[in-house]
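Each in structure tokens, the structures are laid out below.
In what comes next, chain A is part of two complexes: it sits with chain B in the first one and with chain C in the second one.
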Partner chain A sequence: MEWFNAVVQGALLGGLYALFAAGLSLIFGVMRLVNIAHGDLIVLAAYLGLSVTLVLGIHPLLALIVVVPAMAVAGYILQRGILNQTLGQDLLPPLLVTFGLSVIIQNALLEIYTADPQKMNAGLLETASVSLGGLSLGVLPLLTFAVAVLVIAGLQWTFYRTALGRAFRAVSDNQDIAQLMGLNRHHIFGLSMALALAVTAIAGILLGIRTSFDPSIGGGRLIFGFEAVIIGGLGNLWGTLAGGVILGVAQTIGAKIDPGWQILSGHLVFLIILAVRPNGLFPRISG
Partner chain B sequence: MSHRDYSVTRSSRAARVATVLGAILLVVLIAAPWWAGRADMRLMGELFLYLALASLWNLLAGYAGLVSVGQQAFVGFGGYMLFALTIFAGLPPVVAVLGAGVLGALIAVPVALLIFRLRGAYFAIGTWVVAEVFRLSFAQISALGGGSGSSLPTNIVRSMAASRDGRESLSYWLALGAAVLVITVVYLFLRSRKGLALSAIRDNELAAGSLGIDIWRTKFLVYVITAALTATVGALIFLQKLRISPDAAFSVNDWTAFVIFIVVIGGIGTVEGPIIGTLIFFALRETLADLGTIYLIVLGIVAIMIMLKAPKGVWGLIRARYDLQLFPLGFRVERSNNDKGT
Partner chain C sequence: MPDMVLEIRGLDAHYGDFQALYGIDMTVARGEMLAIIGANGAGKTTLLRSISGLMKNGNDQIRYNGAPIGAMRADLVARLGIALVPEGRQLFPSLSVEENLVIGGQVGRKGPWSLSEIYALFPILKERRHQPSTSLSGGQQQMVAIGRALMANPDLILFDEISLGLAPVIIKSIYQALPNIVGQGMTALIVEQDIARALSVSSRVYCLQEGRVSLEGASGGISRAEISRAYFGVT
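Our next item is the complex of A and B:
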């Protein structure tokens, strides 16, 4: 039963990892951009949420109303202002520019909020739990997982059922022809980054309610999201959710064996899957 | 005018002057223990080790197109191997430094087999995962101090040289030697047949493959050589520090972010770039370090600006203006002056 409990808790944790990964997966799908600053943007969203809750005195989940649009606008400006200039055949510029961005965000957060760990206060939500068939499940992890499923369903719907999604798929398939068909790819890329950072904002707030955070943890969040994307297979959003769940379960089981093994066992499962199935479990597009 | 008026040459006047000046500079630097203070020597030692790391990362990313953000894996591995080989195997520190390099090459083989399955940007993050695996694994080894790390025992430190001055000089010469060795290896490698293949791959991978170049093997070779030398430099870094912990050994900021900034600012894909970049980096650091985090923000902004506005870096700007190449790699056609009659 204890082990079953660990598996269930890990699966729910996987929802958070899928949220870390969804934005990463989206922008890679649309413009083949890998954003090294993704983890730091998640942490930035958490700090924004913290500031909003403190200044307005509202519940962290209500802070989403402010943080999600703020991050989306920031994403659009970031893409149009800087990242669009780096896109091309050479993969070095986007990688190095987002790497520089990561260092800037990290140190700016350090300058403003200091290195002290912070946490958002969500009141009852943090401790509430429900009993289900002998298991005690936290309401927050359940909520996180449900949000992850909804976000991924929403992204999937956007991608395959809306005009915006059609534009995303068009520039993803062939930028030049999409441009000829009257799409402004710079605008489309801006919108995809805005959408990705809106998801990042949700991930950041849920992270900030769940655990304490400090400016240095961005790299770790990027890696978890990245592992979920690769385990699930590139370009497959439901696969990313599955990847997040596998990673979460690997971590909780590792922690059960030895607390020092939690993160390490997640990485090891990722490396094993990479060795056995280089394209992930459910690949749609090739890297 | 016939074709005899022209000759193809690798060397140039600038390169010959640079060789002479470089040799003089090297002699002056070797003699540093007799003219420099202790603090200056420590600073120069650190500069040489960063220069070595930057040249290696430049070979990897600028020439082989293997953009790694996980080279701290090998820096930390080398450092830990220095401690393990001296403490458990009783090797003299200098031998252990070389041993760390050999072990770095050995560990790089399975790592490369695994992460070469990832392409482009995903390769970059994959290297970071490997570095994290190394960090978390070494944090589990209690014989090496676990998560809090350990110091090099005094008897091992003393075995390097009897006096403190002697140790500081030795550690300085080792750092200088590492920088010279790395730059020489990179330069000779690029001039060799393999280096030509590498340049071809960098310019156009598809075309290089169609000419019969084994792309995977060439990149694999570069990755393993770089790993071995990075581990050697890592061992030297922690021989200077005399203390190691997982967080310091596998720090992404210290061993990768700074190194990337150095190469980008100096000029990626040139042998000269990392040298200029290291000098600029240390000049900035010594003047702005008091600003703390602001300094790192400035460094990040400078690197982004350079990547966007002058992707070939400072050396690229100089070369575009003066057509210089201090380390002659390319061939050039020159008009010969001495036999005008023919």
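Our next item is the complex of A and C:
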């Protein structure tokens, strides 16, 4: 039963990792951009949420109303202002620029908020739990997982059922020909970054309610996100959710064996899957 | 003076240090079907890429309906009503047949072409509309590529080697459909390797050789010998 409990808790934790990963997966899928600053953008969203809750005196979940659009606008400006200029045949410039961005965000957060760990106060939500068949499940992890499923379903729907998603796929397939369809790729890339950072905002706020955070933890969130994307298979959003769940379960089982093994066992499972299935478990090969 | 859709004056085009086009002059009158022939590497595709905005040029070197478009972005050129059927079809593999057509219509221009018109022209596409575009045969993919360009209701449509890699019987049926397509007040520019095909379908022809116009004239009034000379540069 304890082990079963660990699996369930891990699966719920995987929802958070899937939220870390969804934005990464989206922008890589649309424009082949590997965003090293993704983890720091998650942390930035958490700090934005903290400020909004403190200044307006509202619940952290209500802060989403401000933080999600703010991050989306920031994403569009970031993409059109800086990142579009780095995209081309060479994968290196966007890597270097987003790495620089990561350093800048970390240091700016350090200047503004100091290195002290912070946490958002969500009141009862943090401790509430429900009993299900002998298991005690936290309401927050359940909520996080449900949000992850909704976000992935929403992204999936956007990608395959809307004109915007059609434009994303067309630009991803062939930028030149997409331009001939009257699509301005710089604008489409801006919209995809906006959507990715809107998801990042949700991830950041849920992270900030769940655990304490400080400006340095972005790198770790980036790694978890990458691992979830790659376990699930590039370009497959539901695969990303599965990847997050596998990573979460591996970590909680590892922690069950020995608390020191939590992070390591997640990485080990990732490495094993990478070795056995280099394209991930559910790759969607396109083109 | 006839109504000119496209006027090209002294068009130069470069890929890095390599110059692909040298001072091309060309005019296309409204409603005409113009053929461009030439050997591989003569600059035919470069010319179409320049017109459609995929290559940037001097703004005044290309005028469309009297307005300069040489330096305009491709998506804006498309919105003005220039559509390209690219060499090798280049459908979007992640999109279904129908999505490929619908995205062609996204520029939002009014005109005779809609999904139902395309399906009437190529009924097989209606049957296959929910399939991935990559699952179609080469000829069917070419129909999608042509339909995708038509969906934009362009004033000027550019065809780049639409017979390339297709079976002769398919080429024949596509060329049979062409007059119906272009008959609706559209102007067409056809790049074609098959000289006989190009001459039979067009009213005027330009031949390119190593980035320059080597011959220009009415398609009916040019001899084989003149074409060989213009094509290969031998006398």
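Here is the rule we go by: the second predicted complex is superposed on the first by the 285 of 287 C-alpha atoms of A that agree within 3 Å, B and C clash if a C-alpha of one lies under 4 Å from a C-alpha of the other, contacts with A are read in each partner's own complex, and residues count from 1 in each chain.
Please note the rule applied: contacts are C-beta pairs under 8 Å (C-beta built on N, C-alpha and C of every residue); 3 or more make two chains touch, one makes a residue touch a chain.
Because the structure is predicted, anything quoted here is derived from the model rather than measured.
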Output check: A:A163 vs chain B and chain C. Expected answer is one of first, second, both, neither. What do you get? second
Which superposed partner A:V73 touches (first chain B, second chain C, both, neither): neither
After superposition on the shared chain, which partner residues are touched by A:Q85: those of chain B (first), chain C (second), both, or neither? first
Contact-wise, after the overlay, does A:Q179 reach chain B, chain C, both or neither (first, second, both, neither)? second
Chain B versus chain C as contact partner of A:A128, first or second or both or neither: neither
Per-residue touch tally on chain A - higher for chain B or for chain C: B
Is A:L222 contacted by the first partner chain B, the second partner chain C, both or neither? first
Could you look at A:V55 and tell me whether it touches chain B, chain C, both or neither (first, second, both, neither)? neither
Intersected contact list for chain A, partners chain B and chain C 287
Spell out the residues on chain C that touch chain A in their complex, using ranges where they run on. 52-54, 73-75, 78-79, 83-84, 86, 90, 92-95, 99, 102-104, 106-108, 148, 152
Write out the stretch or stretches of chain B touching chain A in their complex. 61, 67, 69, 114-115, 117-122, 124-126, 128-130, 132-133, 136-137, 139-140, 252-253, 257, 260-261, 264, 268, 293-294, 296-297, 299-301, 303-304, 307-308, 311
How about chain A: which of its residues touch chain B in the complex? 33-34, 36, 82, 85-86, 91-97, 99-101, 103-104, 107-108, 110-111, 219-220, 222-223, 226-227, 230, 260-261, 263-264, 267-268, 270-271, 274-275, 278, 287
Touching chain C in the complex: which residues of chain A? 163, 166-167, 169-170, 172-174, 176-185, 286-287
